[in-house]
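After this come two complexes, each holding subunit A, first together with subunit B and then together with subunit C.
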Partner chain A sequence: MSRSSWDRFQNFSFILPALVIFSIFYIYPFFYTFILSFQDYDFISTPKFIGFSNFREVLTDKEWWSSMYNGAFITFWALTFQNILAFMLALGVDRVIRMNKFYRVVFFMLPILSEIIIGLLMKQLLSSEPLGRDIFNRWITNLGLGFLAQDWLGTQHVRLVTALVHCWKGFGWAFVIFLAGLQNIPQQLYEAAHIDGASAWQVFRKITLPLLTPVIALVLVLTILGTMQAFAMILALTGGAGGLTEVPVMRIYNHLRFRLVGLACGEGVILGLILIVVSFGMFFISKKIREKYGVLPS
Partner chain B sequence: MGYYRVKKIIILVILHTFLMSVALSCLLPFFWMINVSFKSQEEFDNGYVAKKVFSPQQLEKLLTSKIAKEAKFNPKFLIWNVSSEDMLRVKLTQLKIEDKDKILKIWRKTRDYGLRPPLSLNLTNYKEVIFKEGFWRYFLNSVFYTFVTVCFIVIISSLAAYAFSRLHFPGRNVIFYMFLAAMMIPLPAGFVPVYVLLNKFHLVNRTGYVLAMTNMGLSLSIYLLKTFFDQLPKDLEDAARIDGCNKLRIWWNVGLPLVAPALGVVIIFNALNVWNEFVLASLMFTAEELMPLQVGLMEFSNRMVTQHTLIASALTVAALPIIILYLRLQRQFIKGLTAGAMVG
Partner chain C sequence: MYVKRMLKVILFFILVSVTGSCTKREKASHLVIWHWMVDRQAAFQTLAEKYESETGVKVDFKLFFPPDIYSQKVIAAARAGNLPDMFGVLGEKRMLASFVKAGHILDLTPFMKEDGNIWMSKFYPQTLKIVSFPPDNTYEVSPGIYGVPIDTTVLQFLYNKNLFQEADLNPQSPPRSFDDFISYAQQVKRKLGIDGFICGWAESWLLNALATEWAINLMGEEKFLKTLKGDVPYTDKDWIEVFSLFAKLRESGILAPNITTMTNKEAEDAFAKSKAVFSFNGSWAVNVYKQLNPKLEYAFFPLPRVSSNFPIKVWGGAGSSFMINAYSPYKDKAVEFLKWLTLPEQQKFLIEATNNLPAIRGCEDSLPPVLKSLTESFSFLTHPDVWPYNEDSRVIEVMNRGLQQIVMGLKTPLEVAEDIQSTKERLLRR
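On to the complex of A and B.
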């Protein structure tokens, strides 16, 4: 008996380091967020319990909701433009035989690099005089598209440009997942459809799309979660542009820098809840779609 | 027959044009970045004209006048430090230079802000960025954080994964599901309580950062390694046990070598995560000697807004090692980065 409990202790000690670090840096902070969100704390004075007033402040704060709008705006572009582009590229690369490795390597280079590098590089290219040099405008002028030249990071376009740069950084990631999904589809299905005389559109509609639904749902959920939490690239690219491209996490970050810990936690809790609801909703919807269109078990 | 062939070729051409244009849009900014990093700010901002365009008398005139500025690193070119074409025209008129239009044309063409190859491979930008601006330190800091964190994660998560897969102890499944749940729940402001906590424990230093980053990669690594362990046969471990190995030695001598492929994915996923991490590092490290590369880059670009060529070389210093590593280990990188997605 004592031998077996010693044995079990030995076994348990294998997970002990992981468990200790996990408890200190995940479980404790997880609950600590909720505690802090009911407090007024600035790192110096003792925390004061102030009830729901942080949450009240967040929920009635116009700037918070405008930052949520900005996040949703960028997410909308990532969901549509980025993912459709990635899907088309994946379909294309799946079909070509030559160069397909080259394309894969190039497309996946951007997701590897840090958000700061991407943000600063695009800032160099897009910003106009006197701070920048209008590089991008010069390029399109050389291509004969000079009439499109704009002050890309000016108040008029900055939000859309930020969204597009985000898509530019992220499409490679969605592309790789779509491509992996496409290559998992058994080749016999296509052959059978070909023998039955199905048109390309029918093959796409009846084989490719339904078999990819789980992958598409996964990419959509991860896009929402990732984009709503992205902010380092935007900080590097625009620094918030006076609120025009301020996203929720940037607001939380800035509040923490201004030592408004309770408020930052309140915002974090609200954003986290919204994200959980949205991602569960998405999974639910995709499950319904899968049931309705009767996808083959894979 | 012919019809289908033609159709196929047309489709392929359209396809390649589309793919190629997207690929170019990915590569061009980086080409520009590396190209500009070799230029001086003067060369970047201004046009230049080869000396041999001028006759000796003209050259004499230009060099003795103050408006011509010769690039020290290259004796073949003249670089004018003027901000607009009109200004150069006026100055050339003042000096009574013939062929004004020809010179202006060359000047205009060479003033392209970075797409032309640099006049010479001049490394002064890199020297300044790396040594004077302290990027060597940021770089070594990033290497340190990444290396230590990844070592921690590999050892701690493989120990735990081995236990979850092979050993029995009370609460095994509950604890494993707890780690799983941590992966699923989005914590958009997770850095806030962690930072407050580190402040409280006086851990706003290298140790605290490494520990916090270790925790970030733990759940996914444990999950990946555990599923890999589950697929392996137990025979080798049984043999080792019969030979009298204790559990720790079985983990080290049998378990770890067997999961080496999965370890590669874990290492790359976590190394990239730590290397690219910005939020927590920027909150914790305000002292320059502790900053990792991402924070250093951000600070540097805020300080040097108009030094475009310096910023380009700083960006190259930060990006190129990763790009080169990626080109060497593409397969592992792709697996490593999509591993997180595939779990869901």
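On to the complex of A and C.
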């Protein structure tokens, strides 16, 4: 073996373990899912090729689109309420540098908790007897707001409550990313703006927002990807609530439980494609915004 | 030098992981059995020790829990050709059929029929039907018996006797009709402020089982099966009447709040704490209630009738079963063990330890009264696993969600019937 070949082999050997693991656990399942989506399969029998039947079934299935709507509803709240809250908290913490580590820990506690635990905990808090302990209603009653007490997991509110619980659990991620983005903005820019007599709003609009655009785009894409794939917390909290909170991954999970493997894979592929299109769309829009603000060389 | 050392380390780990996953049992006196029954592990362990002391054969009961994880484990093992000597197959009958057709499960018919059907005759017929395939079955499986039931499960209504008494109802006289059921529950709610009915309807199979029982009572088993076959539409008036029963339950105000987001475990917990007067649950609940509240006074009762035109059928028969790996080198020893496990002595021990209904006859005297009452329903059990046709799981999914939607007031019985029928027609066209 020549010296250069040996060098290449040595170099390659360093990435080989990671490459093998990545191939086995990511690349192979990705292609296998794609292959299975064209088959009728129950994990045990011999798979039968059925062409685009699974895709046709998914695309014409009302319940699938209803679950996509539920996912989009939760995503809407995550994109707006969750991210605005996270952004405002990050702005606040960015100013209070001395305490920022404490706040980072506090706000990041929720995302590191298990989704199932959060779901079960909130079920206990929000449900009335006999399912839960009605704690939330008791709190607001003790605060003199008893007229607001509701059946929070009842038909009328369950979808919105699920979305808000998801936001409550998820805002820590966005907070940490926003805070990191804010702390990367050079301080000199703010100082120069103050010397020039810029108001707080002008500083925010002309410095903070444009320089944070890539981070905002990243957070938006991660929010969409994460929320459209939300599952465990919703399963523990409502179990689907007669379809009101059934999200796409819950359908995929249920079809796998029924051993409708090809159909579940077809749903997974369609969901994946939708998310890829949305993600690229978001990055494209973000790029356009950055070009408009002149942050990127156009 | 450093690189060579790194490569050696990597090679070492690869070898260790490959050889580690290829352990092989050499001893014929060691049987392995996989199961999911967390509440029975201790009892199984005791039985395994007893069996080893009697025969010298060690039986290793390996528990995998929860059942979903267990199912995945069994499927993965089947695909890898790594199944243990004995195991159970969870899920619908078509899953068992797939395992049989793939050659993973030993046909036990010759063993069952040895010496004039001596082993076969011990079982309640319904329990064996669950693990059998008759000639010309729709799954196209060779006819035979492919499993050994170790218990029987029955789904029935339950009532809390103490709450009955407190609400001036006769604790020895549960409701017989649907209307009585509602009026009794309303009386309890009115007098005691306690919910009338609780059930884990987030797990929609419980809704499905109840709808099935009422459908068979209302239209008869023949018409019910014709619906599954596709000859009777779900928009038939009898079906709409079945779905309307759930609307009536909702309108009567007896259902526990958030019943459609309640798991069966949560419902069991609430019933055990006397937070509802009626429930619908399986015979396994006897053990659960005993653990949650040993002082709970309750009894099972048959389905509240909605019609006197047809007999009622009770969802049940399918308990837990063990299958033998057709590729196991120790098949004969596994058969011997399962024969031993289904002897009255072992079955009585399981009754005492786990409060489950036995799979074999002749143990009735060992049953506690609450379980003994359930054996009366053994002659009119029904279950999808014994029906000649089975509904497509996508239709079942739409029906279950539809029933939840009726209970939540989101859809009318007619709308649900139309949803189910349109799914059924779409699948029939394929």
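Throughout what follows, the second predicted complex is superposed on the first by the 273 of 298 C-alpha atoms of A that agree within 3 Å, B and C clash if a C-alpha of one lies under 4 Å from a C-alpha of the other, contacts with A are read in each partner's own complex, and residues count from 1 in each chain.
The working rule: a residue touches a chain if its C-beta (ideal position, glycine included) is under 8 Å from a C-beta of that chain, and two chains touch if they have at least 3 such contacts.
Computed from a predicted model, the values in this text were never measured in an experiment.
J.: After the alignment on subunit A, I want to confirm one thing: do subunit B and subunit C clash, or do they fit together?
T.: Subunit B and subunit C clash in the superposed model.
J.: Let me test your reading of the model: by the given contact rule, A:Arg138 touches which partner, first (subunit B), second (subunit C), both or neither?
T.: first
J.: Kindly classify A:Ile289 by the partners it touches after superposition: subunit B alone (first), subunit C alone (second), both, or neither?
T.: So A:Ile289 meets neither subunit B nor subunit C here.
J.: Identify the partner contact of A:Phe258: answer first if only subunit B is touched, second if only subunit C is, both if each is, neither if none is.
T.: The second partner, subunit C, only.
J.: Return first, second, both or neither, reflecting whether A:Leu79 touches subunit B, subunit C, both chains, or no partner chain.
T.: In the superposed model, A:Leu79 contacts neither subunit B nor subunit C.
J.: Just to be sure I read the superposition right, which of the two partners does A:Ala193 touch: subunit B = first, subunit C = second, or both, or neither?
T.: A:Ala193: touches no partner chain.
J.: Who touches more of subunit A, subunit B or subunit C?
T.: After superposition, B is the partner touching more of subunit A.
J.: A:Leu160 contacts which: subunit B (first), subunit C (second), both, neither?
T.: Touch partners of A:Leu160: none, neither subunit B nor subunit C.
J.: Check the residue A:Arg95 against both partner chains and state whether it touches subunit B (first), subunit C (second), both, or neither.
T.: Once the two structures are laid over each other on A, A:Arg95 reaches subunit B alone.
J.: Thinking of the overlay built on chain A, is A:Pro17 touched by subunit B (first), by subunit C (second), by both, or by neither?
T.: In the superposition, A:Pro17 contacts both subunit B and subunit C.
J.: Taking the superposition as given, does A:Phe43 touch the first partner, subunit B, the second, subunit C, both, or neither?
T.: both
J.: Quick one: which of 62-70, 98-106, 314-322 or 386-394 on subunit C sits on top of subunit B after the fit?
T.: Looking at 62-70, 98-106, 314-322 or 386-394, the stretch of subunit C that collides with subunit B is 62-70.
J.: Could you give the residue numbers on subunit A that contact subunit B in one complex and subunit C in the other?
T.: 10, 14, 17, 43, 123, 130-132, 257
J.: Okay, in this complex, where on subunit C does subunit A touch?
T.: 3, 6-7, 10, 68, 75, 78-79, 91-92, 94-95, 98-99, 101-102, 104, 195, 198, 202-203, 256-258, 260-263, 266, 270, 273, 275-276, 393-394, 397-398, 401, 404-405, 407-410, 426, 430
J.: Under the definition above, what is the set of subunit A residues touching subunit B in their complex?
T.: Against subunit B, subunit A makes touches at 8-12, 14-15, 17-19, 21-22, 24-30, 32-33, 36, 41, 43, 85, 88-89, 92-93, 95-96, 99, 102-117, 120-125, 130-135, 138-139, 142, 168, 172-173, 176-177, 180, 218-219, 221-222, 225, 228-229, 231-232, 235-236, 248-249, 252-253, 256-257, 261, 264-265, 267-269, 271-272, 275-276, 279.
J.: Could you please specify the touching residues of subunit A with respect to subunit C in the complex?
T.: These residues of subunit A touch subunit C: 10, 13-14, 16-17, 42-45, 53, 60, 63, 123, 127-132, 151, 153-155, 158, 237-244, 246, 254, 257-260.
J.: Over in the complex, which subunit B residues touch subunit A? Could you list them?
T.: 12, 15-16, 18-19, 22-23, 25-30, 32-33, 44-45, 112-115, 155-157, 159-160, 162-164, 167-170, 175, 178-179, 182, 185-197, 199, 211-212, 214-215, 218-219, 222, 247, 251, 272, 275-276, 278-279, 283, 294, 297-298, 301, 305-306, 308, 311-312, 315, 318-319, 322-323, 326-327, 330, 333-334, 337-338, 341-342, 344
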